[in-house]
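Each of the two complexes below includes chain A, the first together with chain B, the second together with chain C.
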Partner chain A sequence: MRMDGFKAIAIVAVLVVFAVFAGMLVIYFTNAVPAFHRFGIDVYLKNIWNAAEEPSREAYGIAAAIWGSFYTSLIAVLIVLPLSISYSIFVVDYAPKRLKNVIIILSDVMGGLPTIIYGIWGAFVLVPLLRDYVMQFLYDHLSFIPVFSYPPITGYSYLSAGILLAIMVTPFASAIIREAYEMIPYTYREAAYALGATKYEATKLLIGYIKPAILSGFILAFGRAIGETVAVSLVIGNTFNLTWKLFAPGYTISSLIANQFGNAFIYEYMTPVLYAAGVALFIIGLGINIIGLRFIRRWEENVKL
Partner chain B sequence: MSSFEVRKQKERLFLMGIGSLTFLALLPLFHIIATVFRNGLPVIIKEGLNFLTGTFSNGGIGPAIIGTFTLTFLASLLGLPIAFLVGLYAYEFPRSTVGRWTKMLLQIMIEFPTILVGVFVMQVLVVPMGTYSAFAGALALAIILMPYVAIYTHEAMREIPFTYREAGYSLGLTRIKVLLKILAPMTKRGIFTGVLIGVAKVAGETAPLLFTAGGLYESYPSSVTKPIGSISLLIYQLVQSPSPADHEMAWGASLILLIVFLGIFIPIRLSLKEVKL
Partner chain C sequence: MRFAIETVNLHIYYGSNHVIKGVNLQIPEKGVFALMGPSGCGKSTMLRTFNRLIELNEEARIEGEVKLFGKNIYSSDVDPIEVRKQVGMVFQYPNPFPHLTIYDNVAIGLKLNRLVSSKEEMDKRVEWALKKAALWDEVKDRLKDYPSSLSGGQRQRLVIARALAMKPKILLMDEPTANIDPVGTSKIEELLFELRKDYTIVLVTHSPAQAARISNYVGFLYSGELIEVGPTRKVFENPEHELTEQYVTGVLG
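Showing the complex of A and B:
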């Protein structure tokens, strides 16, 4: 293609963006190298956090944080699943036009709300609420089930983080699923009605058409949840704790970075380990988002009705 | 009961189920807004105008408010020109390899964990400079702002029928003239929406500022190479403090942040049909 004024300027901007992204990769990997040298793959596989003045006694393994990131995001996505599908069906099929607009606007406001506001609400309102009314009850009556067997003393826990994340990413997954659901041509619905189907039966049929979009909505929601930092770090309790127990405090990769980076420079190996944590988050985030985008693109290209 | 009755019953149950789940999904929003007003308003009323202008030890969050606006402004200054160009590039060359990669990269960047951007900027800017600075914070925010604006620019341009471009070219205009004189004015609204959404987003960001902006609450910011505060960063620090007085300040600051956010977001949201989050 011929070079012209626009292309010459715009390509510079594009290169700057690519350079920033590549620079991020390079910075994370190079700064993590000392950690890989010292601890090898154990930095990801072990759950240990010994900060010591002498470098020889330092030992770190962030398995608990990686586990926490996946576990909280999984809890979140499991809650998001029924909420966002119901939301999409209700908005598209049932809500009158006025109500529909109001609901969509509210959901968008929720999706854009600064995360720190979720954080302060989560720490001061949601956590005590869950502790007093949900966790205590489950612990008192069902603590023979292993996941409920941790005493909810503070309430800062995997469960609190998962629920807060669910609240935060529901609007996001809802928007993706609603858009896909709205795209199904009305004639399909009419065909279902013509066969004598009730609205419920028609919906059951039509939801099948947008399965790939639903899947990509959840993958992308999972990716959002895993990258969220401040709100999670205010409710998760920030403790190294590799466990299934829902009421136990934990860590996520991003909250670990947010929490420890400030004083990491005192220790020789803590900063590299946190960069290694960054590498993990980088790769997980990139992988999940690429898979999610793939799915949605494939749906848009091939299955689009 | 006939089978038709059973089906009717199922229909009713289904509607009740999804209706209540939808309500449940939106319920937290009302609770959050109500709680922030209930806890924040008394603090602001007690301190009066001083809350908006005073320094932190005088019971105000003035420097943080100025900090948020400064950071957002600087981030726009750094990020917007690049965002427009990148968005236009992705629109102009959608089939070229670079064009496709650019679009993919934008979509990845929009979903990227923001804390990683903050740590990156810390390493390349804060460490060499030896100090937290407004410039570092703004750069981190600019990296987050960029993909939003670029994607909106791209989407807005795509909605214009191809014939307008053809008309421009047939008049003998160059590509840059067609883009800037014909297409850009037609998409003003869409691009402007993208800018506002991006700005609303970065104005509330916290994680990228943790290791870049540094925080400054006892005096007003004076230079872009010195540390600066922000409302969201201040809230984050106050929530972690054990003192109830700090918590009160945090609620007050949250109310201000909420009002700033809603003040930008609601008008744009009402003025258009769809937004991409």
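Showing the complex of A and C:
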């Protein structure tokens, strides 16, 4: 093909974008090097945060933040999954056509909102609500169960972060699952009912048919939840805890970076450690997205039957 | 005489579209009844009234009666699920559930309706149904595989086994060979020959040749009206209606 003006501009634009991205990765890895050099793999495996003016007394390990990222995201997807499956069934099977379009648009809008909007609402409304009506109740009556045994004093906690993340991430998982559920060929629906299935049984059977799509929705939702920053840092409590206890405050990788970044320049090793945290987040996000996309692709191949 | 299926002044509408226009049809017990006609004449629609599957389409409206063994299945005290348990169905596109194993595809109807009480009974019934559908020898060593490993014809016989497993009295078949290669088609036709001894089979087909080959009785449906009905031989050799003659000789459709 001939090289025309537009093609040249487009190629340059694409190259610039990827060059910036590649450069960013390089910066991340090189700037993280002093942290790896000084603390080794312990920077990921230990839970310690000693900021000291004297570099020799500095010690950092972001295990609590890594744990918090996984734990809050896990709480989120466990809530997201039943929500988005019910949403899909309602939209496809029950909602009248007009309502259906409204719901889908609304859901897309929810997915596109700036996350700080969720964060403010989470900090001022959701957290006190959860603390007074959910956590306090569970703590009063069920605190013999270890996950409920932390006294919910502020309400800023893994649970609050997980629930807020669930609200934010549901639109994404819902879109994937809804599309898959809608794509089920009509003949399978007929087959299920022709066998004498009730509406519930037929729906269950068809949900089984899109299990791989549900799994990939699950994984992609997890990926989004783990990368979320602003909203989470407003409700997680930002404390170096490493525990299963749902009502305890904690950290996530991204909330750690957002919180510590402001004064990191004071210390010799804190900035490299935050870069190392960024590297961890990048690797986790990449891994999760690759796994999710893989499942979607495998599912598409299976459906071709 | 008691009929397996009888329709009394059956009308079907899709919205304002009048699809079946006052059909009175009697289908005797046992044997293959072929419902033939050109595409779009309403035969698949009519077939779906015999197990009330038509109700999945919210636009569909039914008037008149459909009686199975003398009982009107559209009377208000009848549960469509009970009807569907007694009427097996095979579709135009072979549709075993791709996410269930071969075994589970046969067992699914039994599981849904809790028709067997033990694992042994289930194994027996699955084997029985697969044998009845002439598929057992081909799949007995890979019951745990998924249907994607089967050919189109095998998948369709798996669907037949799935329907037979529930021991229905009536089997509805909506152009079961339309998407199957010639070898698979002749296997399914052989199978129908075997099954017609024990079951009432309603076979929808757009091919007069297929109707002639395997049916005992035939009905000719043309733009929503039942033009002619009778023993296959008679209808093909000595049609009463001009349209029927044109259709069976291939001038029409």
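As a working rule, the second predicted complex is superposed on the first by the 291 of 305 C-alpha atoms of A that agree within 3 Å, B and C clash if a C-alpha of one lies under 4 Å from a C-alpha of the other, contacts with A are read in each partner's own complex, and residues count from 1 in each chain.
One rule holds in what follows: contacts are C-beta pairs under 8 Å (C-beta built on N, C-alpha and C of every residue); 3 or more make two chains touch, one makes a residue touch a chain.
For clarity, every value in this text was computed on a predicted model and none was experimentally measured.
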Check: Looking at the combined model built on chain A, do chain B and chain C fit side by side or clash?
Finding: fit
Note to self: Going by the contact rule set out at the top, does A:Leu281 touch chain B (first), chain C (second), both, or neither?
What the structure shows: first
Next item on the list: Could you say whether A:Met110 touches chain B, chain C, both of them, or neither, answering first, second, both or neither?
Entry: first
Margin query: In the overlaid three-chain picture, which partner chain does A:Pro96 touch, first (chain B) or second (chain C), both, or neither?
Written below: neither
Next item on the list: Using the touch criterion from the header, give the chain among chain B and chain C with more contacted residues in chain A.
Entry: B
Next item on the list: Examine A:Lys211 and indicate which partner it touches, taking first as chain B and second as chain C; both and neither are also allowed.
Entry: second
Next item on the list: For A:Leu195, decide between first (touching chain B), second (touching chain C), both and neither.
Entry: second
Next item on the list: Check the residue A:Ala258 against both partner chains and state whether it touches chain B (first), chain C (second), both, or neither.
Entry: first
Item checked: Distance of closest approach, chain C and chain B, by C-alpha atoms in Å -> 7
Check: What residues on chain A does chain C touch that chain B touches too?
Finding: 198, 201
Item checked: Partner chain A, residues of chain C touching it in the complex -> 51, 53, 56, 81-82, 84-85, 87-89, 91-93, 95, 97-100, 108-109, 112-113, 147-148, 159, 162-163, 166
Checklist line | In the complex, chain A residues that touch chain B | finding: 1, 4-7, 9-14, 16-18, 20-21, 23-24, 27-28, 31, 82-84, 86-87, 89-91, 94, 103, 105-121, 123-125, 167, 170-172, 174-175, 198-201, 203, 220, 223-224, 226-230, 234, 254, 257-258, 261-262, 274-275, 278, 281-282, 285-286, 289-290, 292-293
Next item on the list: Note which residues of chain B are touching chain A in the complex, please.
Entry: 7-8, 10-11, 14-15, 17-19, 21-22, 24-26, 28-29, 31-32, 35-36, 39, 81-82, 85-86, 88-89, 92-93, 96, 98, 101-102, 104-105, 107-109, 111-117, 119-120, 122-124, 143, 146, 174-176, 179, 197, 200-201, 203-207, 210-211, 232, 235-236, 239-240, 247, 250-251, 254, 257-258, 261-262, 265-266, 269-270, 275-277
Note to self: Taking the touch rule as given, give the residues of chain A at its contact with chain C in the complex, in rising order.
What the structure shows: 185, 187-191, 193-198, 201, 205, 208-209, 211, 302-303, 305
